[in-house]
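I've put the structures underneath this note.
Each of the two complexes below includes chain A, the first together with chain B, the second together with chain C.
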Partner chain A sequence: MIIIDIPKDFSRTPGWRTYEDGPFSGEEFFDKLLKDSFAKAKNKGVKLKVILDGSDGYTTSFLNEAFRLLGKEFGSDFVWNNLIIVSNEVPKYIERIKKGVYAMETK
Partner chain B sequence: MPKAMETVWGENGRCPELFGTIGEMLRNACDHAFTNGHKIVWHLGVSHLEHQNTVKFSFVDNGVGIINNYNNRTNWAKVLAVFKNNAAVLEKAYKKGIESQTGLPWRGEGLPTIYELYNDNIITNLVVITNNVYLDFDKNIFKEINVPFSGTYYFWKVDKTCKPAYFV
Partner chain C sequence: MQWKQNKWRYFIAFLIGVIVCYVTTQFKYLQINYEVNVIETLIAFFGLTVGIYIADTIQKNINRNQNRYSFLEGKLDDSWTKFIKLSKLIRVDEKIALESLSSYNEDIVLQISFLRNIFEGFKMDFTCIDLLETKLEEFENVFDGLKTEDNVKYYNDEKGSIEEKIVIINQCFSNVLNTIQKI
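Moving on to the complex of A and B:
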(Lines of atoms letter the chains of each structure in order from A and count residues from 1; the text may use other names and numbers.)
(Lines give C-alpha, C1' and ligand atoms only; values in the text may rest on other atoms or scores of the structure.)
Protein backbone atom coordinates (compact mmCIF):
# COMPACT_ATOMS: atom_id res chain seq x y z
CA MET A 1 0.00 0.00 0.00
CA ILE A 2 1.14 3.53 -0.75
CA ILE A 3 0.33 6.22 1.81
CA ILE A 4 -0.05 10.00 1.62
CA ASP A 5 -0.34 11.79 4.94
CA ILE A 6 -1.52 15.22 3.80
CA PRO A 7 -0.51 17.25 6.88
CA LYS A 8 2.95 15.63 6.97
CA ASP A 9 3.64 15.17 3.26
CA PHE A 10 1.94 18.26 1.78
CA SER A 11 0.62 20.89 4.17
CA ARG A 12 -1.05 21.17 7.54
CA THR A 13 -2.98 24.17 6.18
CA PRO A 14 -4.21 23.18 2.70
CA GLY A 15 -5.61 26.02 0.59
CA TRP A 16 -8.36 26.34 -1.97
CA ARG A 17 -9.02 25.07 -5.51
CA THR A 18 -6.42 26.23 -8.03
CA TYR A 19 -2.94 27.77 -8.18
CA GLU A 20 -4.62 31.13 -8.74
CA ASP A 21 -6.29 30.79 -5.35
CA GLY A 22 -2.95 30.68 -3.51
CA PRO A 23 -0.45 28.13 -2.19
CA PHE A 24 -1.18 24.51 -1.30
CA SER A 25 -4.27 24.30 -3.50
CA GLY A 26 -6.09 21.13 -4.49
CA GLU A 27 -4.67 21.48 -7.99
CA GLU A 28 -1.13 21.73 -6.58
CA PHE A 29 -1.70 18.69 -4.35
CA PHE A 30 -2.88 16.70 -7.37
CA ASP A 31 0.07 17.78 -9.51
CA LYS A 32 2.81 17.35 -6.93
CA LEU A 33 1.71 14.32 -4.95
CA LEU A 34 -1.66 12.73 -5.57
CA LYS A 35 -1.36 11.94 -9.28
CA ASP A 36 2.05 10.25 -9.10
CA SER A 37 1.25 8.40 -5.90
CA PHE A 38 -1.92 6.99 -7.39
CA ALA A 39 -0.09 6.01 -10.56
CA LYS A 40 2.55 4.19 -8.49
CA ALA A 41 -0.12 2.38 -6.52
CA LYS A 42 -1.86 1.39 -9.74
CA ASN A 43 1.36 0.06 -11.23
CA LYS A 44 2.02 -2.00 -8.11
CA GLY A 45 -1.54 -3.24 -7.96
CA VAL A 46 -2.13 -1.79 -4.50
CA LYS A 47 -4.47 0.81 -3.06
CA LEU A 48 -3.57 4.38 -2.18
CA LYS A 49 -4.26 5.42 1.41
CA VAL A 50 -4.79 9.16 1.94
CA ILE A 51 -4.72 10.40 5.53
CA LEU A 52 -6.55 13.68 6.16
CA ASP A 53 -6.40 13.74 9.96
CA GLY A 54 -4.04 16.18 11.68
CA SER A 55 -4.64 19.20 9.45
CA ASP A 56 -6.02 22.57 10.47
CA GLY A 57 -8.99 21.92 8.14
CA TYR A 58 -9.96 21.52 4.49
CA THR A 59 -12.08 23.65 2.20
CA THR A 60 -14.55 21.87 -0.03
CA SER A 61 -12.83 23.38 -3.05
CA PHE A 62 -9.47 21.79 -2.13
CA LEU A 63 -10.95 18.33 -1.75
CA ASN A 64 -13.19 18.67 -4.78
CA GLU A 65 -10.48 19.84 -7.15
CA ALA A 66 -7.78 17.35 -6.13
CA PHE A 67 -10.02 14.31 -6.38
CA ARG A 68 -12.01 15.60 -9.37
CA LEU A 69 -8.73 15.72 -11.28
CA LEU A 70 -7.82 12.24 -10.04
CA GLY A 71 -11.16 10.84 -11.20
CA LYS A 72 -10.76 12.57 -14.55
CA GLU A 73 -7.23 11.15 -15.00
CA PHE A 74 -7.82 7.54 -13.97
CA GLY A 75 -11.59 7.04 -14.16
CA SER A 76 -14.06 7.60 -11.34
CA ASP A 77 -14.92 4.00 -10.48
CA PHE A 78 -11.32 2.83 -10.64
CA VAL A 79 -10.21 5.67 -8.38
CA TRP A 80 -12.95 5.19 -5.83
CA ASN A 81 -12.36 1.43 -5.66
CA ASN A 82 -8.63 1.92 -5.11
CA LEU A 83 -8.61 4.69 -2.54
CA ILE A 84 -8.63 4.37 1.23
CA ILE A 85 -9.48 7.67 2.86
CA VAL A 86 -8.67 8.09 6.55
CA SER A 87 -10.70 10.91 8.07
CA ASN A 88 -11.59 9.98 11.61
CA GLU A 89 -11.66 13.60 12.77
CA VAL A 90 -14.18 14.78 10.15
CA PRO A 91 -15.83 11.73 8.53
CA LYS A 92 -17.93 13.88 6.20
CA TYR A 93 -14.77 14.76 4.24
CA ILE A 94 -14.98 11.25 2.77
CA GLU A 95 -18.33 12.01 1.13
CA ARG A 96 -16.97 15.29 -0.23
CA ILE A 97 -14.03 13.43 -1.75
CA LYS A 98 -16.39 10.92 -3.34
CA LYS A 99 -18.35 13.79 -4.88
CA GLY A 100 -15.09 15.10 -6.30
CA VAL A 101 -14.08 11.73 -7.73
CA TYR A 102 -17.41 11.44 -9.53
CA ALA A 103 -17.76 15.17 -10.36
CA MET A 104 -16.87 14.81 -14.02
CA GLU A 105 -19.55 12.19 -14.52
CA THR A 106 -22.32 14.37 -13.16
CA LYS A 107 -21.50 17.46 -15.20
CA MET B 1 -8.13 28.67 16.48
CA PRO B 2 -6.24 26.92 19.30
CA LYS B 3 -6.79 29.96 21.54
CA ALA B 4 -10.52 29.97 20.73
CA MET B 5 -10.80 26.30 21.63
CA GLU B 6 -8.96 26.97 24.87
CA THR B 7 -11.39 29.75 25.80
CA VAL B 8 -14.41 27.50 25.22
CA TRP B 9 -13.18 24.04 26.13
CA GLY B 10 -10.13 24.72 28.29
CA GLU B 11 -7.72 23.06 25.88
CA ASN B 12 -5.70 24.23 22.92
CA GLY B 13 -6.88 22.38 19.85
CA ARG B 14 -7.57 22.37 16.16
CA CYS B 15 -11.15 22.73 14.92
CA PRO B 16 -10.88 21.57 11.30
CA GLU B 17 -14.50 22.17 10.33
CA LEU B 18 -14.56 25.74 11.62
CA PHE B 19 -11.17 26.48 10.09
CA GLY B 20 -12.35 25.12 6.74
CA THR B 21 -15.56 27.10 6.91
CA ILE B 22 -13.75 30.37 7.53
CA GLY B 23 -11.78 29.38 4.44
CA GLU B 24 -15.06 29.11 2.53
CA MET B 25 -16.00 32.64 3.62
CA LEU B 26 -12.64 33.95 2.46
CA ARG B 27 -12.99 32.13 -0.85
CA ASN B 28 -16.49 33.48 -1.36
CA ALA B 29 -15.22 36.97 -0.60
CA CYS B 30 -12.55 36.62 -3.25
CA ASP B 31 -14.75 34.80 -5.79
CA HIS B 32 -17.98 36.67 -5.43
CA ALA B 33 -17.47 39.87 -3.54
CA PHE B 34 -15.48 41.95 -5.95
CA THR B 35 -15.27 42.56 -9.65
CA ASN B 36 -11.73 43.81 -9.16
CA GLY B 37 -9.68 41.20 -7.32
CA HIS B 38 -7.07 43.77 -6.32
CA LYS B 39 -9.52 45.58 -4.06
CA ILE B 40 -10.42 42.67 -1.82
CA VAL B 41 -11.05 43.86 1.73
CA TRP B 42 -12.30 41.55 4.47
CA HIS B 43 -12.15 41.47 8.23
CA LEU B 44 -12.32 38.59 10.69
CA GLY B 45 -13.14 39.60 14.25
CA VAL B 46 -12.67 37.26 17.22
CA SER B 47 -13.84 38.19 20.74
CA HIS B 48 -12.99 36.01 23.72
CA LEU B 49 -15.45 36.07 26.62
CA GLU B 50 -13.34 33.97 28.92
CA HIS B 51 -15.66 33.99 31.93
CA GLN B 52 -18.51 32.73 29.76
CA ASN B 53 -16.38 30.15 27.91
CA THR B 54 -17.57 31.81 24.72
CA VAL B 55 -15.90 33.09 21.57
CA LYS B 56 -17.76 35.40 19.19
CA PHE B 57 -16.70 35.57 15.55
CA SER B 58 -17.60 38.02 12.82
CA PHE B 59 -16.50 37.99 9.21
CA VAL B 60 -17.27 40.83 6.83
CA ASP B 61 -16.34 41.83 3.31
CA ASN B 62 -17.45 45.02 1.61
CA GLY B 63 -17.92 43.61 -1.86
CA VAL B 64 -21.10 43.58 -3.92
CA GLY B 65 -22.84 40.95 -1.76
CA ILE B 66 -24.19 37.54 -2.67
CA ILE B 67 -27.52 38.65 -4.10
CA ASN B 68 -26.09 41.44 -6.23
CA ASN B 69 -23.33 39.22 -7.49
CA TYR B 70 -25.72 36.62 -8.84
CA ASN B 71 -28.21 39.25 -9.92
CA ASN B 72 -25.47 40.61 -12.16
CA ARG B 73 -24.55 37.24 -13.60
CA THR B 74 -27.74 35.25 -13.92
CA ASN B 75 -31.37 35.56 -14.80
CA TRP B 76 -32.43 36.56 -11.32
CA ALA B 77 -36.02 37.12 -12.40
CA LYS B 78 -36.21 33.44 -13.28
CA VAL B 79 -34.83 32.54 -9.86
CA LEU B 80 -37.29 34.78 -8.07
CA ALA B 81 -40.11 33.12 -9.96
CA VAL B 82 -39.26 29.96 -8.02
CA PHE B 83 -38.78 31.65 -4.65
CA LYS B 84 -40.88 34.41 -3.12
CA ASN B 85 -38.03 36.86 -2.45
CA ASN B 86 -34.27 37.26 -2.06
CA ALA B 87 -34.37 36.05 1.54
CA ALA B 88 -36.05 32.81 0.53
CA VAL B 89 -33.47 32.26 -2.20
CA LEU B 90 -30.60 32.65 0.23
CA GLU B 91 -32.22 30.53 2.92
CA LYS B 92 -32.46 27.75 0.36
CA ALA B 93 -28.93 28.38 -0.89
CA TYR B 94 -27.49 27.96 2.60
CA LYS B 95 -29.62 25.02 3.64
CA LYS B 96 -29.52 22.90 0.52
CA GLY B 97 -27.95 24.74 -2.39
CA ILE B 98 -30.14 25.70 -5.31
CA GLU B 99 -28.09 24.97 -8.39
CA SER B 100 -30.11 21.95 -9.44
CA GLN B 101 -33.37 23.87 -9.37
CA THR B 102 -32.29 27.10 -10.93
CA GLY B 103 -29.12 26.52 -12.91
CA LEU B 104 -27.28 29.07 -10.80
CA PRO B 105 -23.49 28.66 -10.97
CA TRP B 106 -22.83 27.85 -7.30
CA ARG B 107 -19.86 25.81 -8.32
CA GLY B 108 -18.68 25.02 -4.85
CA GLU B 109 -20.61 24.03 -1.83
CA GLY B 110 -19.42 26.95 0.23
CA LEU B 111 -22.78 28.27 1.41
CA PRO B 112 -24.24 24.88 2.42
CA THR B 113 -20.97 24.07 4.18
CA ILE B 114 -21.34 27.19 6.31
CA TYR B 115 -24.89 26.21 7.26
CA GLU B 116 -23.80 22.62 7.90
CA LEU B 117 -21.42 23.85 10.58
CA TYR B 118 -24.37 25.50 12.31
CA ASN B 119 -26.70 22.56 11.76
CA ASP B 120 -24.13 20.19 13.26
CA ASN B 121 -23.99 22.48 16.32
CA ILE B 122 -20.29 23.19 15.98
CA ILE B 123 -21.26 26.88 16.00
CA THR B 124 -24.39 28.66 17.23
CA ASN B 125 -26.21 31.99 16.71
CA LEU B 126 -25.42 32.12 12.99
CA VAL B 127 -26.49 35.40 11.39
CA VAL B 128 -25.91 36.43 7.77
CA ILE B 129 -26.53 39.88 6.31
CA THR B 130 -25.95 40.51 2.64
CA ASN B 131 -27.49 43.19 0.42
CA ASN B 132 -31.13 43.50 1.50
CA VAL B 133 -31.31 40.09 3.20
CA TYR B 134 -31.14 39.24 6.92
CA LEU B 135 -30.88 35.59 7.96
CA ASP B 136 -30.95 34.56 11.63
CA PHE B 137 -30.88 30.80 11.76
CA ASP B 138 -31.35 30.52 15.56
CA LYS B 139 -34.48 32.65 15.49
CA ASN B 140 -35.67 31.25 12.16
CA ILE B 141 -35.87 34.75 10.69
CA PHE B 142 -35.28 35.04 6.96
CA LYS B 143 -36.37 38.44 5.74
CA GLU B 144 -35.61 41.40 3.55
CA ILE B 145 -34.53 44.62 5.23
CA ASN B 146 -34.85 48.26 4.29
CA VAL B 147 -31.21 49.13 4.80
CA PRO B 148 -29.36 47.47 1.94
CA PHE B 149 -25.78 46.48 2.72
CA SER B 150 -23.25 46.14 -0.05
CA GLY B 151 -21.22 43.19 1.15
CA THR B 152 -21.58 40.09 3.26
CA TYR B 153 -21.51 39.91 7.06
CA TYR B 154 -21.42 36.76 9.20
CA PHE B 155 -21.74 36.44 12.96
CA TRP B 156 -21.57 33.25 15.03
CA LYS B 157 -20.54 31.99 18.45
CA VAL B 158 -18.85 28.94 19.88
CA ASP B 159 -19.80 28.17 23.48
CA LYS B 160 -20.36 25.26 25.82
CA THR B 161 -23.70 24.41 24.19
CA CYS B 162 -21.83 23.49 21.01
CA LYS B 163 -20.45 20.13 20.00
CA PRO B 164 -16.79 19.89 21.07
CA ALA B 165 -15.40 19.29 17.58
CA TYR B 166 -11.77 20.03 18.42
CA PHE B 167 -8.65 17.90 18.41
CA VAL B 168 -5.64 18.36 20.67
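Moving on to the complex of A and C:
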Protein backbone atom coordinates (compact mmCIF):
# COMPACT_ATOMS: atom_id res chain seq x y z
CA MET A 1 0.00 0.00 0.00
CA ILE A 2 1.20 3.49 -0.84
CA ILE A 3 0.47 6.20 1.69
CA ILE A 4 0.13 9.96 1.37
CA ASP A 5 -0.07 11.84 4.63
CA ILE A 6 -1.17 15.27 3.40
CA PRO A 7 -0.08 17.34 6.46
CA LYS A 8 3.36 15.66 6.44
CA ASP A 9 3.96 15.13 2.74
CA PHE A 10 2.30 18.21 1.27
CA SER A 11 1.08 20.93 3.64
CA ARG A 12 -0.57 21.36 6.99
CA THR A 13 -2.42 24.37 5.57
CA PRO A 14 -3.84 23.29 2.21
CA GLY A 15 -5.16 26.10 0.06
CA TRP A 16 -7.89 26.47 -2.53
CA ARG A 17 -8.64 25.12 -6.00
CA THR A 18 -6.08 26.11 -8.62
CA TYR A 19 -2.59 27.62 -8.82
CA GLU A 20 -4.24 31.03 -9.33
CA ASP A 21 -5.80 30.69 -5.88
CA GLY A 22 -2.45 30.73 -4.12
CA PRO A 23 -0.04 28.15 -2.72
CA PHE A 24 -0.85 24.54 -1.78
CA SER A 25 -3.90 24.36 -4.01
CA GLY A 26 -5.77 21.18 -4.93
CA GLU A 27 -4.36 21.36 -8.43
CA GLU A 28 -0.82 21.62 -7.05
CA PHE A 29 -1.43 18.65 -4.77
CA PHE A 30 -2.67 16.60 -7.71
CA ASP A 31 0.30 17.53 -9.92
CA LYS A 32 3.03 17.15 -7.33
CA LEU A 33 1.90 14.19 -5.29
CA LEU A 34 -1.48 12.60 -5.86
CA LYS A 35 -1.18 11.75 -9.55
CA ASP A 36 2.24 10.06 -9.30
CA SER A 37 1.40 8.22 -6.10
CA PHE A 38 -1.81 6.87 -7.58
CA ALA A 39 0.00 5.81 -10.77
CA LYS A 40 2.62 3.98 -8.64
CA ALA A 41 -0.08 2.25 -6.63
CA LYS A 42 -1.84 1.25 -9.83
CA ASN A 43 1.35 -0.20 -11.31
CA LYS A 44 2.04 -2.17 -8.12
CA GLY A 45 -1.57 -3.32 -7.93
CA VAL A 46 -2.09 -1.85 -4.46
CA LYS A 47 -4.41 0.76 -3.04
CA LEU A 48 -3.52 4.36 -2.27
CA LYS A 49 -4.13 5.47 1.30
CA VAL A 50 -4.63 9.21 1.78
CA ILE A 51 -4.46 10.55 5.34
CA LEU A 52 -6.22 13.85 5.87
CA ASP A 53 -6.04 14.10 9.67
CA GLY A 54 -3.66 16.55 11.30
CA SER A 55 -4.12 19.53 8.99
CA ASP A 56 -5.73 22.91 9.65
CA GLY A 57 -8.72 21.90 7.57
CA TYR A 58 -9.47 21.50 3.88
CA THR A 59 -11.55 23.73 1.67
CA THR A 60 -14.17 21.95 -0.39
CA SER A 61 -12.50 23.32 -3.49
CA PHE A 62 -9.11 21.80 -2.59
CA LEU A 63 -10.57 18.31 -2.16
CA ASN A 64 -12.88 18.66 -5.11
CA GLU A 65 -10.20 19.80 -7.54
CA ALA A 66 -7.52 17.30 -6.53
CA PHE A 67 -9.80 14.26 -6.66
CA ARG A 68 -11.80 15.50 -9.65
CA LEU A 69 -8.56 15.57 -11.63
CA LEU A 70 -7.65 12.12 -10.31
CA GLY A 71 -11.03 10.73 -11.38
CA LYS A 72 -10.65 12.36 -14.77
CA GLU A 73 -7.15 10.88 -15.22
CA PHE A 74 -7.77 7.31 -14.08
CA GLY A 75 -11.55 6.84 -14.23
CA SER A 76 -13.97 7.53 -11.38
CA ASP A 77 -14.87 3.96 -10.42
CA PHE A 78 -11.30 2.72 -10.59
CA VAL A 79 -10.10 5.61 -8.43
CA TRP A 80 -12.82 5.23 -5.85
CA ASN A 81 -12.28 1.46 -5.57
CA ASN A 82 -8.54 1.90 -5.09
CA LEU A 83 -8.53 4.74 -2.58
CA ILE A 84 -8.51 4.49 1.19
CA ILE A 85 -9.31 7.83 2.79
CA VAL A 86 -8.49 8.36 6.44
CA SER A 87 -10.42 11.27 7.91
CA ASN A 88 -11.31 10.59 11.51
CA GLU A 89 -11.31 14.26 12.50
CA VAL A 90 -13.85 15.33 9.88
CA PRO A 91 -15.58 12.29 8.37
CA LYS A 92 -17.53 14.59 6.03
CA TYR A 93 -14.38 15.08 3.93
CA ILE A 94 -14.76 11.51 2.62
CA GLU A 95 -18.12 12.37 1.10
CA ARG A 96 -16.64 15.51 -0.45
CA ILE A 97 -13.80 13.50 -1.96
CA LYS A 98 -16.27 11.01 -3.42
CA LYS A 99 -18.19 13.90 -4.97
CA GLY A 100 -14.90 15.14 -6.43
CA VAL A 101 -13.95 11.74 -7.85
CA TYR A 102 -17.33 11.42 -9.57
CA ALA A 103 -17.58 15.10 -10.50
CA MET A 104 -16.69 14.53 -14.15
CA GLU A 105 -19.39 11.87 -14.51
CA THR A 106 -22.14 14.03 -13.10
CA LYS A 107 -21.32 16.94 -15.42
CA MET B 1 -64.78 53.34 80.59
CA GLN B 2 -63.05 52.13 77.52
CA TRP B 3 -62.93 48.44 78.55
CA LYS B 4 -66.69 48.30 79.23
CA GLN B 5 -67.43 49.42 75.68
CA ASN B 6 -65.29 46.58 74.29
CA LYS B 7 -66.09 43.93 76.95
CA TRP B 8 -67.56 41.43 74.46
CA ARG B 9 -64.56 41.76 72.22
CA TYR B 10 -62.22 41.15 75.16
CA PHE B 11 -64.34 38.23 76.30
CA ILE B 12 -64.29 36.57 72.84
CA ALA B 13 -60.52 37.19 72.54
CA PHE B 14 -60.05 35.63 76.00
CA LEU B 15 -62.07 32.53 74.97
CA ILE B 16 -60.10 32.12 71.75
CA GLY B 17 -56.88 32.40 73.78
CA VAL B 18 -58.10 29.69 76.16
CA ILE B 19 -59.01 27.35 73.30
CA VAL B 20 -55.66 27.91 71.52
CA CYS B 21 -53.73 27.27 74.74
CA TYR B 22 -55.73 24.15 75.46
CA VAL B 23 -55.17 22.73 71.94
CA THR B 24 -51.45 23.50 71.85
CA THR B 25 -50.81 22.00 75.26
CA GLN B 26 -52.33 18.72 74.05
CA PHE B 27 -49.28 18.14 71.70
CA LYS B 28 -46.33 16.36 73.23
CA TYR B 29 -43.48 17.77 71.22
CA LEU B 30 -40.55 16.62 73.27
CA GLN B 31 -41.68 13.21 74.30
CA ILE B 32 -38.92 10.69 73.55
CA ASN B 33 -39.88 7.15 72.77
CA TYR B 34 -37.14 4.73 73.84
CA GLU B 35 -38.69 1.78 72.08
CA VAL B 36 -37.18 0.91 68.69
CA ASN B 37 -39.51 -0.23 65.98
CA VAL B 38 -37.28 -2.36 63.71
CA ILE B 39 -39.47 -2.23 60.62
CA GLU B 40 -39.94 1.53 60.84
CA THR B 41 -36.23 2.03 61.42
CA LEU B 42 -35.33 -0.11 58.40
CA ILE B 43 -37.84 1.77 56.27
CA ALA B 44 -36.34 5.05 57.51
CA PHE B 45 -32.80 3.92 56.61
CA PHE B 46 -33.96 2.69 53.24
CA GLY B 47 -35.73 5.99 52.60
CA LEU B 48 -32.63 7.90 53.65
CA THR B 49 -30.39 5.83 51.33
CA VAL B 50 -32.72 6.28 48.38
CA GLY B 51 -32.93 10.00 49.14
CA ILE B 52 -29.14 10.36 49.23
CA TYR B 53 -28.77 8.34 46.03
CA ILE B 54 -31.35 10.49 44.21
CA ALA B 55 -29.75 13.71 45.45
CA ASP B 56 -26.29 12.51 44.42
CA THR B 57 -27.49 11.41 40.96
CA ILE B 58 -29.30 14.67 40.35
CA GLN B 59 -26.27 16.67 41.48
CA LYS B 60 -23.93 14.68 39.22
CA ASN B 61 -26.34 15.12 36.34
CA ILE B 62 -26.49 18.86 36.92
CA ASN B 63 -22.68 19.08 37.11
CA ARG B 64 -22.25 17.02 33.94
CA ASN B 65 -24.77 19.12 32.03
CA GLN B 66 -23.16 22.34 33.26
CA ASN B 67 -19.73 21.13 32.14
CA ARG B 68 -21.08 20.10 28.75
CA TYR B 69 -22.87 23.41 28.36
CA SER B 70 -19.79 25.47 29.25
CA PHE B 71 -17.56 23.43 26.95
CA LEU B 72 -19.87 23.48 23.93
CA GLU B 73 -21.00 27.05 24.43
CA GLY B 74 -17.36 28.20 24.66
CA LYS B 75 -16.42 26.44 21.44
CA LEU B 76 -19.46 27.71 19.55
CA ASP B 77 -19.01 31.23 20.84
CA ASP B 78 -15.40 31.27 19.67
CA SER B 79 -16.30 30.23 16.11
CA TRP B 80 -19.32 32.54 15.98
CA THR B 81 -17.26 35.53 17.10
CA LYS B 82 -14.72 34.82 14.37
CA PHE B 83 -17.49 34.48 11.81
CA ILE B 84 -18.99 37.82 12.87
CA LYS B 85 -15.56 39.45 12.54
CA LEU B 86 -15.16 38.02 9.05
CA SER B 87 -18.70 39.11 8.12
CA LYS B 88 -17.92 42.67 9.12
CA LEU B 89 -14.77 42.58 7.03
CA ILE B 90 -16.75 41.32 4.04
CA ARG B 91 -19.56 43.86 4.48
CA VAL B 92 -17.31 46.91 4.52
CA ASP B 93 -15.18 45.90 1.52
CA GLU B 94 -15.47 44.41 -1.95
CA LYS B 95 -12.40 42.20 -1.84
CA ILE B 96 -10.84 39.80 0.61
CA ALA B 97 -7.39 38.27 0.94
CA LEU B 98 -7.15 34.52 0.52
CA GLU B 99 -5.36 34.43 3.84
CA SER B 100 -8.51 35.65 5.61
CA LEU B 101 -10.60 33.04 3.83
CA SER B 102 -8.12 30.34 4.81
CA SER B 103 -8.49 31.36 8.44
CA TYR B 104 -12.27 31.10 7.89
CA ASN B 105 -11.71 27.48 7.00
CA GLU B 106 -9.38 26.79 9.91
CA ASP B 107 -11.07 28.81 12.66
CA ILE B 108 -14.70 28.34 11.76
CA VAL B 109 -15.44 25.44 9.38
CA LEU B 110 -13.02 23.00 10.96
CA GLN B 111 -14.04 23.95 14.50
CA ILE B 112 -17.71 23.46 13.67
CA SER B 113 -16.85 20.01 12.30
CA PHE B 114 -15.17 19.17 15.61
CA LEU B 115 -18.19 20.52 17.45
CA ARG B 116 -20.40 18.24 15.37
CA ASN B 117 -18.26 15.26 16.38
CA ILE B 118 -18.68 16.25 20.04
CA PHE B 119 -22.47 16.57 19.57
CA GLU B 120 -22.47 13.08 18.09
CA GLY B 121 -20.31 11.78 20.95
CA PHE B 122 -22.68 13.27 23.52
CA LYS B 123 -25.59 11.70 21.63
CA MET B 124 -27.15 15.11 21.11
CA ASP B 125 -29.37 16.15 18.21
CA PHE B 126 -26.93 17.42 15.57
CA THR B 127 -29.42 18.35 12.83
CA CYS B 128 -28.86 22.06 13.45
CA ILE B 129 -25.09 21.72 13.30
CA ASP B 130 -25.35 19.69 10.09
CA LEU B 131 -27.34 22.52 8.57
CA LEU B 132 -24.76 25.04 9.78
CA GLU B 133 -21.97 22.99 8.18
CA THR B 134 -23.89 22.88 4.89
CA LYS B 135 -24.46 26.64 4.95
CA LEU B 136 -20.79 27.28 5.73
CA GLU B 137 -19.84 25.06 2.81
CA GLU B 138 -22.20 27.00 0.51
CA PHE B 139 -20.66 30.24 1.76
CA GLU B 140 -17.20 28.92 0.97
CA ASN B 141 -18.35 27.78 -2.48
CA VAL B 142 -19.40 31.33 -3.37
CA PHE B 143 -15.79 32.45 -2.91
CA ASP B 144 -14.49 29.38 -4.71
CA GLY B 145 -16.35 30.49 -7.83
CA LEU B 146 -14.82 33.98 -7.76
CA LYS B 147 -11.81 35.12 -9.70
CA THR B 148 -8.53 35.42 -7.79
CA GLU B 149 -5.95 38.10 -8.51
CA ASP B 150 -2.75 38.42 -6.48
CA ASN B 151 -4.15 36.23 -3.73
CA VAL B 152 -7.21 38.43 -3.42
CA LYS B 153 -10.84 37.48 -4.16
CA TYR B 154 -13.15 40.19 -5.57
CA TYR B 155 -16.81 39.73 -4.72
CA ASN B 156 -18.56 42.96 -5.67
CA ASP B 157 -21.05 41.20 -7.98
CA GLU B 158 -21.88 38.57 -5.39
CA LYS B 159 -22.12 40.90 -2.40
CA GLY B 160 -25.93 40.65 -2.10
CA SER B 161 -25.90 36.87 -2.19
CA ILE B 162 -23.02 36.74 0.30
CA GLU B 163 -24.84 39.01 2.74
CA GLU B 164 -27.95 36.81 2.51
CA LYS B 165 -25.83 33.78 3.31
CA ILE B 166 -24.29 35.60 6.28
CA VAL B 167 -27.78 36.20 7.72
CA ILE B 168 -28.71 32.52 7.26
CA ILE B 169 -25.46 31.34 8.83
CA ASN B 170 -26.03 33.60 11.85
CA GLN B 171 -29.50 32.07 12.22
CA CYS B 172 -27.95 28.60 12.09
CA PHE B 173 -25.43 29.60 14.77
CA SER B 174 -28.27 30.79 17.00
CA ASN B 175 -30.13 27.50 16.43
CA VAL B 176 -27.06 25.56 17.53
CA LEU B 177 -26.76 27.78 20.60
CA ASN B 178 -30.42 27.13 21.33
CA THR B 179 -29.80 23.37 21.16
CA ILE B 180 -26.85 23.69 23.52
CA GLN B 181 -28.96 25.70 25.96
CA LYS B 182 -31.47 22.85 26.11
CA ILE B 183 -28.85 20.60 27.76
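Quick notes on this one:
Quick note on the criterion: the second predicted complex is superposed on the first by the 107 of 107 C-alpha atoms of A that agree within 3 Å, B and C clash if a C-alpha of one lies under 4 Å from a C-alpha of the other, contacts with A are read in each partner's own complex, and residues count from 1 in each chain.
The rule is simple: a residue touches a chain if its C-beta (ideal position, glycine included) is under 8 Å from a C-beta of that chain, and two chains touch if they have at least 3 such contacts.
No experiment lies behind these values; they were computed from the predicted model shown.
In this superposed model built on chain A, chain B and chain C take up the same space, so to speak, and clash.
By the touch criterion stated above, A:Val90 is placed in contact with chain B and with chain C alike. Applying the stated contact rule after C-alpha superposition, one finds that A:Val46 touches neither chain B nor chain C. By the touch criterion stated above, A:Asp56 is placed in contact with chain B and with chain C alike.
In the superposition on chain A, contact of A:Asp21 is made with both chain B and chain C. With chain A as the common frame, the single stretch of chain B that clashes into chain C is 115-123; none of the other options in 79-87, 97-105 or 115-123 do. Once the two complexes are overlaid on chain A, the chain A residues touched by chain B in the first and by chain C in the second are 15-17, 21, 56-61, 89-90, 92. Interface residues of chain C, counted against chain A in their complex, comprise 98, 101-102, 105-106, 109-110, 113-114, 117, 133, 137, 140-141, 144, 148, 151. Considering their complex, residues 1, 14-21, 23-24, 27, 30, 108-110, 113, 116, 167 of chain B touch chain A. Every residue of chain A that touches chain B in the complex is listed here, in rising order: 15-17, 21, 53, 55-61, 64, 89-90, 92, 96. Across the complex, chain C is touched by residues 13, 15-17, 20-22, 56-61, 89-92 of chain A.
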